[in-house]
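Scrolling down, you'll hit the structures one after another.
Next come two complexes built around chain A: one with chain B, the other with chain C.
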Partner chain A sequence: MRVKLYEKISKLSSPKYYFLLILAITTILLPLALNPFQVHVLVLVYIYAILAESWNIIGGYSGQGSFLNAAFFGIAAYASSLLFILYGISPWIGMFVGAFLSVLLAIGAGYLCFRFGLKGHFFFLASIGITVAIQRAFINWYWPVNGDLIGGAYGVWVPVIKGDSLYHFQFRGKAPYYYIALAILLAELYITYKIQNSKLGYYFTAIRDDEDAAESLGIDTLKYKIVAFAISAALTAPAGTFYAQYFLFIDPFTVLTDMLSIEMVIVAVIGGMGTIFGPVIGAMILRPIMEYVRAFLGARSGLDLIITGLIIIFIATLRPRGFIKWFEDGYNYIAGHLPTIHVGGEKERAHSGS
Partner chain B sequence: MVEITLILQVIIGGLLLGSIYALIASGLDVIYGVMEVINFAHGEFIMLSMYVSYWLFVLYGIDPLISLAIAPLICFIIGAIFQKLVIERVLGAPIFIQTFATFGLLILLQNIAMFLWKEDFRSTGISYGTIAVGDISISIPRLISSIGCLVTVGALYVFFSKTKLGMALRATSEKRDVAKLMGVNISYMYWLAFGIGTMCAGVAGVFISTFYYLYPTVGSVFILMAFVICVLGGTGNLLGALVGGLIIGEVEVLSAFFIGPQWKEVVAMIIFVIILLFKPSGLFGGRK
Partner chain C sequence: MPILEVRGVSKRFGGLVAVNNVDLDIKEGEILGLIGPNGSGKTTLFNCITGFYRPESGSIRFHGEDLLRLKPHEICMKGVARTFQLVKPFSRITALDNVTIGALCRTNSLEEAKLEAMKILNFLGLSKKMNLPARDLTIADQKSLELARALATKPRLLLLDEVAAGLNPKETDEVIALLRKIQESGVTLFVVEHVMKAIMTLADRIIVLHHGSKIAEGAPSEIATNKEVIEAYLGREYRA
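This part shows the complex of A and B:
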């Protein structure tokens, strides 16, 4: 036990590991040092990283360009908000209900599409069609509350609770949201890491690279595409509930629009799809640019998205693998130039650990 | 009891709408047929052309029907340049990256319009009047538009079936490598196809500007239906685009009339998904 602990500590003497530790501690302490707007930007970065990460499972690893993820997001947002408003159920439980409904949708839509062999562009278009149909259904769907109608095109306001309440998933400050978003993101990164290094992950990438070859090797491609879709749906859902509780307002035009799916794709591809950290990097690059341009020039100036459009065209043309390579190089460069810390004279060990 | 003239009026409205859809879908079809790229920015070319026609009318008093000579040309040039600079570089990449590049163009064009002209709804405000046939009245701009769109689709059809250039384009769409061996300049064909495709959107845009509002995201109104039509008629098939356009036009107005205007897109999307599932090659689609 003691030896193991010692080995772990001596591992930290290598720059590769202690640099990571510094990054982690900085991430945790950031809300204390930043102003609310900066924390808000970071929360958005995390939301988009979560969305792109979950899209990454179906789009990046399994190679099925899904547009349905906006529907998973919206359904979870609606499920938790409506359960809370109509029955007073905690959004945390609503989050799981939303995830369950999203998974059902993913299995249903996935079975339909993949059973009939939709691939590439056709899966793309079919999933856009389903998303738009769901959005239109929500635009025309109202729920009675105390004699009033909520929902539909008016959207749903989540009732505001006095003070902070973990049970109600509502806080006055931004820091609690920051930590919740961070926790969800880390959990999803861990899940993605586990999937990538499991048999399941190899099945997914095999299907992406050559579906016929995968099928001939005995992989049940229909089953694993649906599995990938369901995992993607389950991972998208928490972001939906989080979004609803963070902004306290949802409507079909913001949480169920196909534009949201496009944004997930953009973030994932800009960072590097089919990689664990790609989507996070994409969100880190894109969101701050957009939010700051919006803050300085107004929300509807269009300039933020002009820049986004240029970045997309740039990435598509010159760097289809995304920004992740540059980040890896940068990380390795910094880690390579930091000194090794020697713990207790165990130089040899420290070096072999790096 | 619904009156028969009312239904007739609705059906005619559907045909007028459908022929405009047919032209938009033809443009998408040309691009998809020749290079297998779905141009998500197609609606934005409609929007662009509508603005060109609008500004020419407002600033210089040029009738939109005259700007038919200008706006589509601008669309052609932008489309061809985009093809040359961006799509050509990513043709070898996974299909995903090509689509992704057209998203970039979509967002870019939409927001340049947003930046320059703000979110206001504008309208050329021309009134060409209406003509009445019995109890049925038809708005003249819509009639002109739909005839103009049909003529353009017809011209495209003739271009592809009768001219040498059109045949070279078709050869490229059928077998890229063989066409290359036969001395067809593939790279030239590609930018020509992209230009023609976006030009179709440009022509449709000019016509639409005579009777519809314009705003930066107006393209999304038409693009979705254009996807439906392409799939319905069989991708890369002009006849399919024409028939599909007329069908979807009818579906849209009839479902708006009988079920309610808010459900017309849902009906279209359900048809879309059903076609995709059961006959992804479309009504007129062969193998390709």
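This part shows the complex of A and C:
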């Protein structure tokens, strides 16, 4: 028993663990140290990390370049907002309804596309087509509220609640949003980790690398591609509801645009597709650059987009597998140079010596 | 009862008849060879049996069960595995993970699948390279990997499409010994091969395809002296 305990302690005091501990504490304390704009940028980083992480399931692990993920995002944003406005239902429940509707869309669209063998560019085109069709539908879709019409091209304003309310998913400060976004991101990272180390993850990878070989090994490629799509949809949806509650305004031009899908792809590709932390790293690098350039130079100049373009070219030439490789190398270097804390004192050293 | 029963199978591509009314039986436990000049329809026939192509006519029965309506993955689950003439490794993941994916069709446990995969890699002499990405393996090793993956699905019938092509004589001998071992473990083999040494020593019976039709069937010694076969391979003027 004693030996086991010491083993555990010495494991916890290894560089890897206290490095992670420092990272965790910093992440939790950050909102206290930063100004609201900086916290806002971090919230955006987390939203985009969530989006890229969910795209990663269908696009990175399974190799199906989906542009439909913007629709999953938009549907969840609309579902939770409308349920709240029309029926007073908490956005938290709306979030699950949105996820459910997104999953239905993923299964339907996935079946139609994959059943008829759409691959590569053709799947990509079909998914853009469906996204645009859904956007058009929402541009022309109005809902009556107290004799008024909301929705359509005007968009939907989420009614503001006085004060902080967890039930209504509304807060005055930015810190609660920061923690909620962080929690969603961590949950999705955990799910991705679980998938990667399961039969499902292995099958997704097989489908990405060679579909015929996958079929010949007993993998129902149609079924597993639809499953990947459905998981991707379910993971995208929380970000949609979060976005609606954070900005309190949505319209088809911001939450149902294919530009959003493009950004998910860019973040995932720059960070490293088909890896757990790649999308997070992509978001950490891209979002701050874009937000600060936009803040300093104005949204109209388009310079933020030019810079993003340059970064993509840079990555494509230097790191076709994404930034994650640099981070892994850097992490290994730092972890290798950190001294080990000897929690167990002499007994621990005696044990490790034996 | 034969393990596989093919009756009157035809497959057309536009005006080209790739497989023309082919009948064949595979007996449980034997090694059946399939030879024929390039473009004679060997791989097409394989693709028909394993569900990658749907033949226009005919029937294919495995243990008396119709395979014609089934998809490739369902046929694999029934116990018919195959390798591809042009190797199709999952190139970005390790050799071990490649074989693990094959083993996962019989279990949901990743641990079990990995153990099974290691056993098979050991059997094929690939265990030293199991942590290399599949794309870094030599072509000979990639062919073994292809075989390992197929074996991991625990097949009753294994269709091998040119596993010895492009190997040097030493490697060819190793493959022959290996296939014998696989046969002894109770797997029936149906082998397409251009390397005559391999097919003549291995096969219990050989079937010859020419322009999609079966032109001969028999023991290797009979096939080697069959006039039609020699004609098909060498042309009429070389007939002895």
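Quick notes
The criterion applied here is as follows: the second predicted complex is superposed on the first by the 337 of 354 C-alpha atoms of A that agree within 3 Å, B and C clash if a C-alpha of one lies under 4 Å from a C-alpha of the other, contacts with A are read in each partner's own complex, and residues count from 1 in each chain.
The rule is short, and it goes like this: contacts are C-beta pairs under 8 Å (C-beta built on N, C-alpha and C of every residue); 3 or more make two chains touch, one makes a residue touch a chain.
Everything numeric here is computed off the predicted structure, so don't read it as measured data.
Of the two partner chains placed around the shared chain by superposition, chain B is the only one that A:I139 touches, whereas chain C remains out of contact.
Of the two partner chains placed around the shared chain by superposition, chain C is the only one that A:S198 touches, whereas chain B remains out of contact.
More residues of chain A are in touch with B than with the other of chain B and chain C.
Touch criterion met: A:A206 reaches chain C, while chain B stays clear of it. With both structures placed on the common chain, the touch criterion links A:V265 to chain B but leaves chain C unconnected.
The residues of chain A shared by its contacts with chain B and with chain C come to none at all. Against chain A, in their complex, chain C makes its touches with residues 50, 52, 71-74, 76-77, 81-82, 84, 88-93, 97, 100-102, 104-105, 108, 110, 113, 149-150, 152-153.
Looking at the complex, you find that chain A touches chain B at residues 59, 63, 65, 112-113, 116-118, 120-122, 124-126, 128-130, 132-133, 136-137, 139-140, 262, 265-266, 269, 300-306, 308-313, 315-318, 320. Within the complex formed with chain A, the chain B residues making contact are 32, 36, 38, 85-86, 89-90, 93-101, 103-115, 118-119, 216, 224, 227-228, 231, 262-263, 265-266, 269-270, 272-273, 276-278, 280. Across the complex, chain C is touched by residues 197-199, 202-203, 205-206, 208-210, 212-221 of chain A.
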